[in-house]
Amino acid sequence: MNPAVVAFVALFRRDLLLAMRRRGDMANPLIFFVMVVSIFPLALGGDPRLLAAVAPGVVWVAALLAALMSMDALFREDFADGSLEQMLLSPCPHSVLVGARVLAHWLLTGLPLVLLAPLLALLLNLPTEAMPALLLSLLLGTPVLSLVGAIGVALTVGLRRGGMLLALLMLPLYIPVLIFGAGAVEYAASGQPWTAPVLFLAAILALAVTLAPPAAAAALRVTMGE
Amino acid sequence: MFRYLHEWGSPPVFYARAGRWQRGLWALSALLMLAGLWGGLVLAPVDYEQGEVYRIIYIHVPAAWVAMFAYVVMATTGAIGLIWRLKVAEVITSAGARVGASFTLLALATGAIWGQPTWGTWWVWDARLTSVLVLLFLYLGFIALENAIEDRRSAARACAILALVGVVNIPIIHFSVYWWNTLHQGPTVARLSAPAIHISMLVPLLLMALGSMLFYAGALLSWARALMLERERSSRWAAREVNT
Amino acid sequence: MTVAADPRLEVRGLTAWRDDRELFHALSFTLEPGAIAHIEGPNGAGKTTLLRMLCGLLSPAAGEILWAGQAMSRCAGDYARALGYVGHVDALKLDLTPTENLRVASALAGRPASTAAVEAALGYAGLRGFEDVPARQLSAGQRRRAALARLQLQGALLWVLDEPLTALDVSGRAWVEATISDHAEAGGMVVLTTHQPMALARRREVTRIALEVAL
Amino acid sequence: MNPAVVAFVALFRRDLLLAMRRRGDMANPLIFFVMVVSIFPLALGGDPRLLAAVAPGVVWVAALLAALMSMDALFREDFADGSLEQMLLSPCPHSVLVGARVLAHWLLTGLPLVLLAPLLALLLNLPTEAMPALLLSLLLGTPVLSLVGAIGVALTVGLRRGGMLLALLMLPLYIPVLIFGAGAVEYAASGQPWTAPVLFLAAILALAVTLAPPAAAAALRVTMGE
Amino acid sequence: MTVAADPRLEVRGLTAWRDDRELFHALSFTLEPGAIAHIEGPNGAGKTTLLRMLCGLLSPAAGEILWAGQAMSRCAGDYARALGYVGHVDALKLDLTPTENLRVASALAGRPASTAAVEAALGYAGLRGFEDVPARQLSAGQRRRAALARLQLQGALLWVLDEPLTALDVSGRAWVEATISDHAEAGGMVVLTTHQPMALARRREVTRIALEVAL
């Protein structure tokens, strides 16, 4: 087999194995997501119409923040324990290695979040007609969050307080995903057609899949060679 | 010709030449701006809808234009620095972020000041305003990243990657923001009706815009010189430069 | 190990700056197959800096590093295949066992190893009985042993070792010394730093490269 | 001088000095705060009336998240570099040492956030009548976030992915602050009297000042003796 | 240094378990003023575990630790004042200079030191010229020196040192050996581990405490 494929599989399996070993931590992004969504009714005072109006936005903002916070784990630990250095010394193309890690990250944090979102949307009184739009937009949008986030993490790895800096760098880049994602859900909730924003999300995803891994790999090489 | 361009890549040559250029740019810019201001504040008629307030346009619009232009310049020089590892390109990129952020801030501030009397509010989540705000965030992210990385060379390269990623995103952001807002437009805000601008207002505006562009170029070179001197502080030419 | 056409490490006029201080200037040396280079120098001389440059993790202020006659950046893939690095930190995932760690490391090096091969390497490193204990529960010296066991599995030709003896006890030290001698005997190359005296059993020729402190 | 006072001052000065050395990082929590507030309009669609209705909640939720994220820096770095161990070996009362760090943390992150909040509230069209309530509630509430957060950080320090776990532990404890804080602003915005929630916040602050430092110190001793 | 009424470290029947494995069983020893205890044992024997127990950072499975005749937890403040610990990590703030680091450390130990005293200690540690460089820019050995310089300023009576020689060059090692001998000479106590041979100049009596690996 091609050594790059072997390395991809090995790294991907390693990340799943690590997640298994720390089963407790695995649920964390999910619980964070649930919490951010559920403090909103507390902060807004519980008026059901107001909640329904803000539901698409709140679910999407919460998903975005959960992705952001879990993203940090992607490379930071590897940096501290020297594994990242070893990864960069590998003869396999670095973008392949980054790809393996991003895929594992999305499977472990993005996907569960997508599956849980409809339940939370119900809590916020989002009309059921909007559920397909919510699911589809999250399904297309969360991988973009992981992919673009990988670039940000690669740029900030090894910096003190990198987590905060990461948020700063990533939020502007996340804005299109947020607008199209929340937009699709809002249209669906108000009975308008919502295919256009979902198509945009799909296009952004295609762009991110092709461009983000090499960009993240390049960023890693720069920040590691500090 | 090629040789002349090539020489710009050497730090001491850059430092010396940029010093000369910078003075010229500033002089020309001052001239244009004075003319523009005279035309705008004295010659141009009072706007029949807004009164004197509208004259802030002579700062606001040029600032907004430069703010957007500066990002493209920053990404371009960033790419050049990344590919050819030119120190000069790196310092210009870094200076560009600062100057660009200042112009963005100026556009935001003048816009907000203008908004208060005309729209009755400092801020609305209108597509154009939002995209300028996002632009400011991109600049600030760039500056924060640069501050956080110790080594100047790797900071420059990391920031160049960020600027490039940002430039890929700018059309997407621009597009999404406009598209988002046209469909969700809040109905309450009274917008400035856009009358075809009178020639006596347009000419000063264009003079101001050109003046601002030159001012921007001068500021860029001046920042870049300072950064270059700091970076090269251990070299002989820099020591000579500081001592004289 | 696969041997390139002319596996040879050449360092030419390497210069390192840290902030405003020059650490070493125009350092040159060549390493042929079978040779060991011992970088010496007091604390702060620039040994770690030099080793990280050899790995391409830091870029030099001047000079170049050639592998098999080609500039390092030109033959990135070949050079990466030939290189094995053990730095100050152990690069172990603390939640994985030594076996799992080494399997991933060998796959990353493009040379996936079987479980049997991994266990043999760990046994050789004195970690028999600890193969399936999470690395978090190993002592400092045991972790170091696991990190060093990586070298053998990756089948690298050029070993770059920064203070390999850190935290190792007497038997661990003897093991490292034997491993290095064997590697050189088999035509491998080693660049290392250590402040501790090392006994390289077969008394191979050791190039000593002395760095000085520049204040 | 009392050695405990000396240690308090030394630690407090150290944290300010560290912040000075990393001037760039200092603004990060602030920028994060600004960003979270400004992505809400993007997610919600920019209708000024809807924004005004959610403004108190959004500003408070953003303040809470910014505090949470910056909090992590409070002890985590000290843990990784061994300073925390040394702090615990000090003969001075540990709650005094914790107090010094929390005070520095609040001065460096909480206070700037309080000062910036009115500007952001303006962006969200919060009526100007509500500004005093916003300022006062944040002034009383953010120190509580720092104090209670210190307990959470002390409990999670040294755990991988502690940041996420911290969020989980802290959000429930932050809820009273959030309810009273956002409540005070909402009352003020709708012209109702808002002294009661502010008094509650003051009482919570008094409680937190006395109880949180010893609790955090005890938590530290427990997690360090792992 | 302040001396307690009867400064004496007694370890009685100390037992350590890690997971399901007993590391050491019913370990007892006493340290009088002027004594040095060298904990020996191969990698994974439990040396670090023992030292962290002596510092109160880990609790033993059985047995007790007495200071001046009192259980450690009973005289927490006194014991903390008497104790100085340098572990595997250096406990330096990398953005502060060695001088600033040491000033904070001495204040935390309840014994604020003047800048002059701090600079003298750093000079003694071989860091002259590096007093005002951020610790991030120091090499591994230079950081270790700064960490060890703490001991002198804190004026602790009982030094607990985990592999103090890590990363130190020949001159650094000589400095540590001299410092330890002097400290014992002046009535201090030292508990240390190291895998490297140490020459304690004045040949004071060194209690050797051997731990074995239990598998």
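By letter and in written order, the chains are A, B, C, D and E; residue numbering begins at 1 in each of them.
In the analysis below, a residue touches a chain if its C-beta (ideal position, glycine included) is under 8 Å from a C-beta of that chain, and two chains touch if they have at least 3 such contacts.
Please read these numbers as outputs of a predicted model, since none were measured by experiment.
Trainee: How short can a path of touching chains from chain A to chain E be, counted in steps?
Mentor: Shortest path length, in steps: 2.
Trainee: Which interface, named by its two chains, has the most contact pairs?
Mentor: Top-ranked chain pair by contact count is A-D.
Trainee: Where centres are the averaged C-alpha coordinates, which chain has the largest centre distance to chain E?
Mentor: Between chain E and every other chain, the largest centroid distance is to B.
Trainee: Whole-Å distance, chain D centre to chain E centre, using C-alpha means?
Mentor: So the centroids are 37 Å from each other.
Trainee: Centre to centre, by mean C-alpha position, how many angstrom separate chain A and chain D?
Mentor: Roughly 26 Å separates the two chain centres.
Trainee: Could you put a whole-Å number on the gap between the CA centroids of chain B and chain C?
Mentor: It comes to 48 Å between the two C-alpha centres.
Trainee: Would you please write down the residue numbers of chain A that are in contact with two or more other chains?
Mentor: Residue numbers touching two or more other chains: 22, 160-161, 165, 168, 171-172, 175, 179, 183, 186, 225-226.
Trainee: Chain B: which residues touch two or more other chains?
Mentor: Expected reply: 137, 140, 144, 148, 150, 177, 180, 184.
Trainee: For chain E, write out the residues touching at least two other chains, lowest number first.
Mentor: 88, 95
Trainee: Write out the stretch or stretches of chain B touching chain D in their complex.
Mentor: Of all residues in chain B, those touching chain D are 121-126, 130, 133, 137, 140, 143-144, 146-148, 177, 180-181, 184-186, 188-189.
Trainee: Would you pull the chain D residues touching chain E in the complex into a rising list?
Mentor: Residues of chain D touching chain E: 3, 6-7, 9-11, 14, 17-18, 21-22, 81-83, 85-92, 97, 224-226.
Trainee: Where on chain A does chain D make contact in their complex?
Mentor: 22, 25, 28-29, 31-32, 35-36, 39-40, 42-45, 50, 53-54, 56-58, 60-61, 64-65, 69-70, 72-73, 77, 80, 160-161, 163-165, 167-168, 171-172, 174-175, 178-179, 182-183, 186
Trainee: In the complex of these two chains, what residues of chain C are touching chain A?
Mentor: Touching chain A from chain C are residues 55-59, 77-78, 80-81, 83, 85, 87, 89-96, 100, 103-105, 107-112, 134.
Trainee: Can you name the residues of chain A that touch chain B in the complex?
Mentor: Interface residues on chain A, with respect to chain B: 148, 151, 155-156, 159-162, 165, 168-169, 171-173, 175-176, 179-180, 183, 186, 200, 204, 207, 211, 215, 218-219, 222-223, 225-226.
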